[in-house]
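Below are structures written as structure tokens.
In the two complexes that follow, subunit A is the common piece, with subunit B as its partner first and subunit C second.
Showing the complex of A and B:
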């Protein structure tokens, strides 16, 4: 049980690669915080810094009010679950689980009792005498968990612990992790590149990109109020659709112009997105010439008959249709082109050139079909194209159910 | 045409031709066999030449040596002498000395090469100039044994006290006022044998280090990090994680060194030729051959062979055990 405070945590590797850049975060006692981001964003480095496997370049790390920057890993009272489990191949399950207690010279009986209790909790008691090579992937994962939990550390660190499991097992283990966290209440830092895992596990999620903390919040907050384009595109599955557009003032409101599409913003837009008011060009010199980046999540589309004469309808071709049973996603090329960041060093998580719309699963749409989709602009997100920051909505976008 | 060139041509053209011819011929024979037997017959044809060569150059001489070891020294007209050669071996002072020395070699050489190799492999893993350090330590193995013997003859060179010491070692200890030691002529406490073993340690530590180092590199660094987080100190990590994981490798290197120590010959032959109580089995065998006593030489060879067989068996077993884990 402990509180973790990161203050201006910075790590620069030899050769000048900045892995982490002034990360500030407080993880409260008993909280489950997930660090998520594309590969190379620094999330694993952050975990290794907290564990003491890497040395800070600057900043401080506090565990329960104690600065641990210079402490070796064993004095930090943290445990870690590694991506590849890192089980000792020459030890049995029991010895693996009890290893940390043996290293800390616990009495033999207590080691045995606590190992057994932990194993029982993880359903491993029948496997105590096996070696890791005789275990399945899921069992190894549990042993790795057991090894970390047995000494009830102040802080539990997990580095993509589920990424080597198959999809079904991963979902099962996710539930298991939630259960274990409820049982032990250990403050947990969890690293993943999988935003679905992050959304389902975390009390709070911290989104990292290129060494910088982008946003920290509950899954809900990140989904409803992403603070910038990166978070908007990263959180949510399928990802938010983004494009560049321009706001043009008209006689009775404002139109969003993107390529050949010209759609009016819904009535009451100035209350909903106050930040858009001085970008519309109605007053002299609109901010950024009225340029915006707008985003729509896949459920913000409705499949319509193409004859309808509605300016918020786009007619396009279905490139791919992904039918998942109870939902159907159509991938299409938007007539105005999908958003591409103009920075040259864009990270791996580049937004796809296709947009995705979630449509009625019964709709008879196939790849190659001409389709008409109505965009629901009340569910739109707006961003500044230069700062990439969100232009916040007064009330968050409604959670749309398809 | 130059006869050497002709020979080369014969080898280049002839050997592949014979091989191709052999394969062609055996395949023809295989087609004559009923189809269900073909699968069983073919491997034997392919294995045949290798087995033949092994039989002719290894098994046959071994059997010949064993038979010879029961015969007298008369080459032309050997008589059966039963176990006389063995009896000589185990009662002869020089031979017993050789056995004792070989035991000393076995223990010292194996312990020091594997021990030093392990220590260096683990320590060198943590430094930046690793490649350099390893190259230098490995270098002596590339030197021929005889050349090493010559080098160390200079190192161990001895002049009576008062004269200028040309040997490196004696010059060094002379500099701090210690009397020169006749390294290679001191039977007391086996000084000379230790001096010889030291040379082999110098040569073979690099070998042990390279093999062990490869195994050290093969250990997942996450395991060591996990141990570090689990509260293990560096020494505990070495004892509880690194060392057990190196076990199979250490066994293989150790048995290799045991065999090397049992076969020790060159260094002894070039530096002392077994004098000053430095005799070893292999040198004894050569001596008997130079006396034209092939019976005794064969008996020595058989003893050596018998000593090595269990080590080989262990090695093969170890190898199989590792294969089954994979």
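Showing the complex of A and C:
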């Protein structure tokens, strides 16, 4: 049970690679915070800094008000679960779980009792005398978990603990993690690149990109109100579709123009996106529309008969159709081109060049078909193309369920 | 969503070049192709063939021949040895006797020097193992300034020949007042054994998974405990072969003993004393050499398992 405060945490590796750049974050007592980001964003480094396995370049780390920057790991009261479990192959399950207690010179009886209790909780009590080599992947994962939980540390750090499990086990262990957290209430930092894990496990999610903290918030907040283009593209699966467009004032409103597509913003747009008013030049009636980046999540499309000559409808070709049973996703090339950031150092979380629309699962669409899609702009997100920051909406976009 | 079926507008343009479909043979007709065996495997196969075995046995016997002669000579009296060659014992086994061994065990100069060899070899080996393992772990897993420089220096030291240090070390040992005594011999052997030990063990420790070391740190282990409980248990094969190397080297050493060990001579020194300018005391040299050989042989056969394993680690996997 502890509060963790990160102040201007910065880590520069030998050779000048900036892994973390002034990260500020407070993790409250008992909170489960998930760090997500593309590989190389610094999320694992952050965990290792908190554990004391790496030294800070600058900034401070406080656990329960105590600055621990210079303390070795054993003085920090943190436990860590590693991606590949890192069990001690020469020890039995019981010895693996009891190791940290032994290091803290607990009496033998208590080590035994506590190890057994933890093992029971994880369903390992029948395997106590086995060595890790005689365990399955899922069992090893549990032992790694048990090793971290047994001494009830102030902070529990988990570095992609489920990524080596098969899909089914991963879902099962995810549920188990929730259960364990509810039982112990240990302040937990969890690193993953799997955003389903992030959304389902985290009280809050912290999105990192290139060493910078982009946004911290509840899963809902991050999904509904992403603060910038990166977070918008990162949170949500399939990812949000993004493109560049212009806002052009017309006689009775404002149109979003992107390539051949010209769609009017829904009525009341000036109340919904007050930030857009300044960007249209509506008052002087000029056509000089402001440039924006707009985003639409896959459910914001409707398949329509394309005979109408409506410029707000996208007519395109289905490149791939992914049928998942109760949902069907169509990947297509938008006629105006998908958004590409203009910074040269963009990380490998490039937005895809294809857009994705979620359509009626019964629709007889096959890859190669010509299709027409209507965009629902009430569910649109807008961003500044230069700062990449969101132009906030007054009320969050409605959660769209197809 | 209402079912708004989209009527296809126009025939779709091809988005991608169609991929060529490989033509498949009917099931079960594929020819099983065994991969060509590796060079090592072929070498083993050649060496395992009958002719090669015979050849190896012949070479082995040829090499054993002098030792056999020494063994037979050790069982004959000095008079017999100077009168006839040792091979005559093969036709007249009655001349064989254990008298030489009895005399040897009564010879305090020899038994004393054998004990001196033990007093030199055991600490030299233990110290090299303990200091080498500690140093190697530090060079492998502790992060400190100048670590790589220290390691490169250690590697560089392995190529320094023993002879260049004899005279400077003699001066150092004289100043310390141990010149001619066992501690001087041990110190010299440890100094020359450590670079290779550090080199071998550091690479061995580096092969351990980093996460396991870090997991132990995160579990609250002190650095020494990580070394002792997590790293060391995996180093036994390397330590075993290193111990064997070092022990054999020290046990059979004559040069260092001659220079630094004259007050407490080890067995090699004592046996050398038995050779004279125009003759030699074969009745002491032969059994003495065999007794001196027995200890390393026993050790080798006891620990060869480790020795072979660490030599072959990684080679056959």
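Following the convention adopted for this analysis, the second predicted complex is superposed on the first by the 392 of 402 C-alpha atoms of A that agree within 3 Å, B and C clash if a C-alpha of one lies under 4 Å from a C-alpha of the other, contacts with A are read in each partner's own complex, and residues count from 1 in each chain.
Everything that follows uses one rule, which is that a residue touches a chain if its C-beta (ideal position, glycine included) is under 8 Å from a C-beta of that chain, and two chains touch if they have at least 3 such contacts.
No experiment lies behind these values; they were computed from the predicted model shown.
Chemist: Clash or fit: subunit B against subunit C, after overlaying the two structures on subunit A?
Modeler: After superposition on subunit A, subunit B vs subunit C: clash.
Chemist: State whether subunit B or subunit C is in contact with more residues of subunit A in the superposed arrangement.
Modeler: In the superposed model, C touches more residues of subunit A.
Chemist: With both complexes superposed on chain A, which partner does A:79 reach: first (subunit B), second (subunit C), both or neither?
Modeler: Both partners.
Chemist: Given the touch rule stated above, what does A:133 touch, subunit B (first), subunit C (second), both, or neither?
Modeler: first
Chemist: First (subunit B), second (subunit C), both or neither: which does A:100 touch?
Modeler: So A:100 meets both subunit B and subunit C here.
Chemist: Between subunit B (first) and subunit C (second), which, if any, makes contact with A:250: first, second, both or neither?
Modeler: The answer is neither, since A:250 touches no partner chain.
Chemist: Looking at A:88, would you say it contacts subunit B, subunit C, both, or neither? Reply first, second, both or neither.
Modeler: A:88 contacts both subunit B and subunit C.
Chemist: Does subunit B (first) or subunit C (second) touch A:387, or do both, or does neither?
Modeler: Neither partner.
Chemist: So, A:51: does it touch subunit B (first), subunit C (second), both, or neither?
Modeler: Both partners, subunit B and subunit C.
Chemist: Touch test for A:218: subunit B only (first), subunit C only (second), both, or neither?
Modeler: neither
Chemist: Name the residues of subunit A shared by its contacts with subunit B and its contacts with subunit C.
Modeler: Touching subunit B in the first complex and subunit C in the second, residues 51-53, 72-74, 78-80, 82, 84, 86, 88-90, 99-100, 103-104, 147 of subunit A appear in both lists.
Chemist: Under the stated contact criterion, what part of subunit C meets subunit A in this complex?
Modeler: 1-10, 12-13, 15, 209, 211-212, 214-222, 225, 230, 233-234
Chemist: Applying the document's contact rule, which stretches of subunit A touch subunit B when the two form their complex?
Modeler: 51-53, 72-74, 78-80, 82, 84, 86, 88-90, 99-100, 103-104, 133, 147
Chemist: Could you list, by residue number, the parts of subunit A that touch subunit C in their complex?
Modeler: Those residues of subunit A that touch subunit C are 48, 51-53, 72-74, 78-80, 82-90, 99-100, 103-104, 147, 151, 157, 302-307, 315, 317, 319, 359-360, 362-365, 368-372, 402.
Chemist: Would you tell me which residues of subunit B are touching subunit A in their complex?
Modeler: 220, 222-223, 225-233, 236, 240-241, 244-245, 247, 325
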